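All remarks here apply to the structure that follows.
Chains: A, B, C, D and E, in written order; residue numbering restarts at 1 for each.
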């Protein structure tokens, strides 16, 4: 039982990190309907900036610069690449992001070399122990941060015109322009925000219990795909729920793998996809996504 | 393009030569991964081998010929790897390095055909058996056996105990698992398996599971960061059992991170040779030279592995030269005659039996900030009885 | 890199669209010339080039398949690698003579190949209920699940797949001729496996290309495009949408299966690492770079995407501003990654509509148009 | 706007068209299919590029300020808003969000926007009661109302209307007409492209007739309304011949479509 | 082509979350006639069409085309029966050429499958030729043969409407559903389109259900009219009677429009 609770809590906290990454996807998708494969490298960028500055600046300033930096990288990608595309096809733009990802990742891994960079975070490897259950402080922090950021976005989307502008721009740039939406600004903003979120996620992916930032860190972005999808690609709430579901599934599937041997071991990162497929069968647009229309 | 050395012509000094060998140079191929998942290993190994080549050439080369390395970085992509092999194979005498055992397996048939010696940088028993694909040092299963033997002798693991084994999906992990399963039978342990993928960086769930199972010690056959995470979580969760890893499960860079202390406390590493920081003349010289050549790069056991492999190849060449036969076959034969070669890292290598690894010994190391390369020896080279009478199921 | 063009252009030709505005005869001449070159190549190129060419041909076949699905029917699929795997491993299992300790039915290799393709099709059919319900990015990422399931099985179903180190591929055996290393000398040129396979590859690619082109230009192609452009309307116009989607999914899986078989024959060994997400993404990149919905596009894109990395690796030492590994500068490997990434971005940005549009551009300026038939 | 020419790639859609729109007036543009009416509006609202079209020559001024060169959103900021051809509502967004989107470009205060919203709601009550419905699920006419309402949300100084009565029931069309009068009375100038020429000419002070990209006729609305050509082509007065056409067809005057005998 | 059966709509009801789009609607379309369905915006006309063509499922009621029950049939099955329609909001793929769009209309009449097309069997080629020929005829009939090779997206709105009509005709329908066929056309375009429709009815003798807000056209073409309001049938009968029905005037035409010309008089 305690194991279960421990796995559950751990899953939830890990899930909140996935939720942050997923939110990054969601923001870009909402604004441009593009599935962003370059998110992994944005993550790496944010982490790298933070990690390489924390020695001189100290953790918090470094983190801020890291977030800002990742935002700039994201914005740069939009401005230098995405904006230049004249076509209308979103799957094509998705491929562009693959190219971008290759470029960024190569550059960052080159700089990283074989190092493992510590983040110098204040939480260290402290754990909170309640009876038999222990939970790392970093994880609690992750949970809180994710909760705050996502609520912030929910509010922003509900109470500012930003969300509307984004969706309008995504659905029909031409008509959105007629409404006075500044297309460039909207997608630029989206990419910047995605970058910033990636930086935050990177932080929590590289602090305890993981040793630090290194070239493989960005692989975690893969786990956010099922999260974003099963929640619904255009839904903020979806990102949160999706992230948590993925986190918990993964954690349980790993923790109980000896009980699940008939499925073969190492289900950890397969399980989320199975759950996702199951959910999509019931709800083709994810749990909270906007359904396709059938009106003529 | 097939090439049995008999067709080989007489080169300088009446030495029979074939592919990859001219009067002036001996060409060796290096198929490495410096931009993919094994970049850390690939970089060190390659740089060490380049260092060996420079020094050998400075010393007049081998058989009056200069050694030449052609490096191809396949970034752990099968298509690139096979393409690169196809490209280099006709031009080189053999391969001083080949990272990625699946790819080695992929070209094994062809190697047997063209007889170009390959020294893979992987220690899986599945690679054994071909006279032209030779594993340098003990394989993962043997290493694991020695590791567990150490746990039992030194760390109070005893008959009837449960032993956790966290291992990578794939050749490395599964071969290591064979070792622990064998040892479990021998010594009456029960193994609690936890399979992970290279993408898993956070071992919390695994630790909870092992804790639940009540294991007394843990073997980890994964990458450095998984090891670090595992040890860190275990320590933080006041679950202090000894953890031991295979030689690929540690990197000195980790000591700088906040899992450093935990690693130094109760983490051990089994390695096929003495560490880079060993106090043998050869080791000290290598350290000095390597530091000079690559001041900013870390000294890890990849350097040792690369150096050892290169010197083994060099040794084979020298022997072949003595036999006046620098053809691929000649080199192959020569290697089969090497039965006690030590590149300076305390473990004699014996290549007379293609079905067996060149050694069954392991050294047990412990992370230590102060030591060069971040590891100090806690148990001198040796093979557990279980290891000596274990025949690798190639 | 003159070789690139040399290797790409002819490969693209046999099924390539004749650029509008050009006299037909001229195109014919070009076509036959290209064919002649292709037939002659094994006598001149060494193994590396032929192997690279074969990889490209296999990729082209797979790309044509996914272009039918994603390009023409608008169903984004990231699971293509899964079906390639089924083709490759299916062939090994069916043709293998279990003496390597792995399951093998020891069927005649040509039959095994055919059945492997059918098997891939079947797998596609099994998935199509899901494919039928989803669309767009959702379908794309749902198909990612296939990749992960595939990887899981490839690594764990040891008897079938040989686990992480994969299993040997039985050489193809046609008309008493074995496509392995055993050499036959033709016109003083030793013919090894690749030389022989080269012609098999050519025939298959040509066949697949023409078939797909027929489909795209005919009644099914129109129905597929209709489904892509306006699903509801397609139904009202009498197109059985669900059945067509399933059909296309099966067809594209079979193409993937065939590509898998050919790749396996070239590799001579199947390894699980190959059939990962990256491969699927590469196939998407191929059709986008080449041109969505067109056969010629698929072939051109495949040639580019699969040849470029190999060439960049081969000539990595010669690449600009690279420095020997360890000296802190850009290593050859990294340089080739940069160029590859840049190429992907550049082609998509500056040739909207893909490589096939270079020819078509002058005649009709509608940038970024997906889904016109080859 | 002066001597404006527009091309879509090779296609020439407008040739040296000049239009004057006095402040606070209602001007209508008539013309057959493909005459270039929508193109004209796109040229003003700077959305040609989305259709692959370009302004090849000429200039557009809006109260003294040159606006061909601005980006679409700046034009909106300058106080011009458009009801695009064929509705173009944001199908996946709710009706309310569509209206919010309409106000995006507006410069006015929150209060002003609230007023605009109220006005739209009593103009088209259905939009109020369907607030939460996805716009794509609205009926054709309802979507048209939404499109018009959305444009009104920006409370523009110049309103470009591309066939606002398209697919509207007669009552509703009349309602739109009243609305145009009303907002025009409040000082908004209107450029109206309309197939329902009768309605258009009733509203407009001045009218232009486009024919394959060129201004064929121009003048005060009532004069044009009187001219035969316009009466026949755009007002479709002489219904008789239409009826006649219909009857003639029985006699085979029309191109007759032979039955399809399926005999391979 | 088999004789045209009558279309009988009985007690047809369609509900969407919360709202009733159609409420127990009855009407019958006699073979070979033009039957107009009119009503205010949102009355349920298109919804009715969507049920007839299988896009929506009816909540209750039945639709019989001859001895076939249409409710609950998949759209393509209904198309098989020879029911064709044009859409109120254009549904033409903008990038495909007009010719291709029209050929798509031939789908139900052609047979070539993946195999036949892929292997370029002569049968497929022959089929293709014959049907392209017919497509040209039909394009000529509606007056689009010059635009056949243009991408539909570049046609002006009105022409796209015509293209849709042509595509529907390409299905060689027995029942043709027209949702606002003349919307967005100038008066004389309306007249000629109306003539085309009349021509279709006369030369093919098929039934046509017409939804249109242009009373002029309705009055010209319709043999019978059904009026919907808020999903309920408020009138049904001959054009003349319906037009003067006070309920209809109140709900739909508006007082000033007794003349029956939607465009009124200047």
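Just so we're on the same page, a contact is a pair of C-beta atoms (placed from the backbone, for glycine too) under 8 Å apart; a residue touches a chain by one contact, two chains touch by 3 or more.
Chain labels with UniProt names: A, C = Branched-chain amino acid ABC transporter permease; D, E = ABC transporter ATP-binding protein.
Not measured: the values here are computed from a predicted model.
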{"item": "Inter-chain pair with the most contacting C-beta pairs", "value": "D-E"}
{"item": "Distance-maximising chain from subunit E - centres being C-alpha averages", "value": "B"}
{"item": "CA centroid of subunit A to CA centroid of subunit D, Å", "value": "44"}
{"item": "Subunit B and subunit D, separation of their C-alpha mean positions in angstrom", "value": "75"}
{"item": "Centroid spacing, where centroids are CA-atom means, of subunit A and subunit E in whole angstrom", "value": "48"}
{"item": "Per-residue multi-chain contacts in subunit A, two or more chains", "value": "106, 222, 265-266, 269, 294-296"}
{"item": "Subunit C residues counted as touching two or more neighbouring chains", "value": "155, 232-233, 236, 331, 334, 337, 366-367, 369-370"}
{"item": "Touching two or more other chains - residue numbers and ranges from subunit D", "value": "137"}
{"item": "Complex interface listing, subunit E residues touching subunit D", "value": "1, 16, 39-43, 45-47, 88-90, 109, 126-127, 130, 134, 137-138, 140-141, 143, 154-159, 169, 172, 179-180, 183-192, 194-196, 198-200, 202-204, 213, 215-216, 220-221, 251-254, 256-257, 261-266"}
{"item": "Residues of subunit A that touch subunit C when the two form their complex", "value": "29, 33, 35, 37, 81, 84-92, 94-96, 98-103, 106-107, 110, 222, 225-226, 228-229, 233, 264-267, 269-270, 273-274, 276-277, 280-281, 284-286, 289, 292, 294-296"}
{"item": "Complex contact set, residues of subunit B against subunit C", "value": "1-2, 34-35, 43, 46-47, 50, 71-80, 82-84, 86-87, 90, 101-103, 105-110, 113, 124, 126, 169-171, 174, 293-294, 296-297"}
{"item": "Parts of subunit D lying in touch with subunit A, wherever the complex brings them together", "value": "45-47, 50-51, 71-73, 76-77, 81-82, 84, 88, 90-93, 97, 100-106, 134, 136-137, 150, 154"}
{"item": "Complex contact set, residues of subunit C against subunit A", "value": "70, 76, 130, 133-135, 137-138, 140-142, 144-145, 148-149, 152-153, 155-157, 231-233, 236, 277, 281, 284-285, 288-289, 292, 330-331, 334, 337-338, 340-345, 348-349, 352-353, 367-370"}
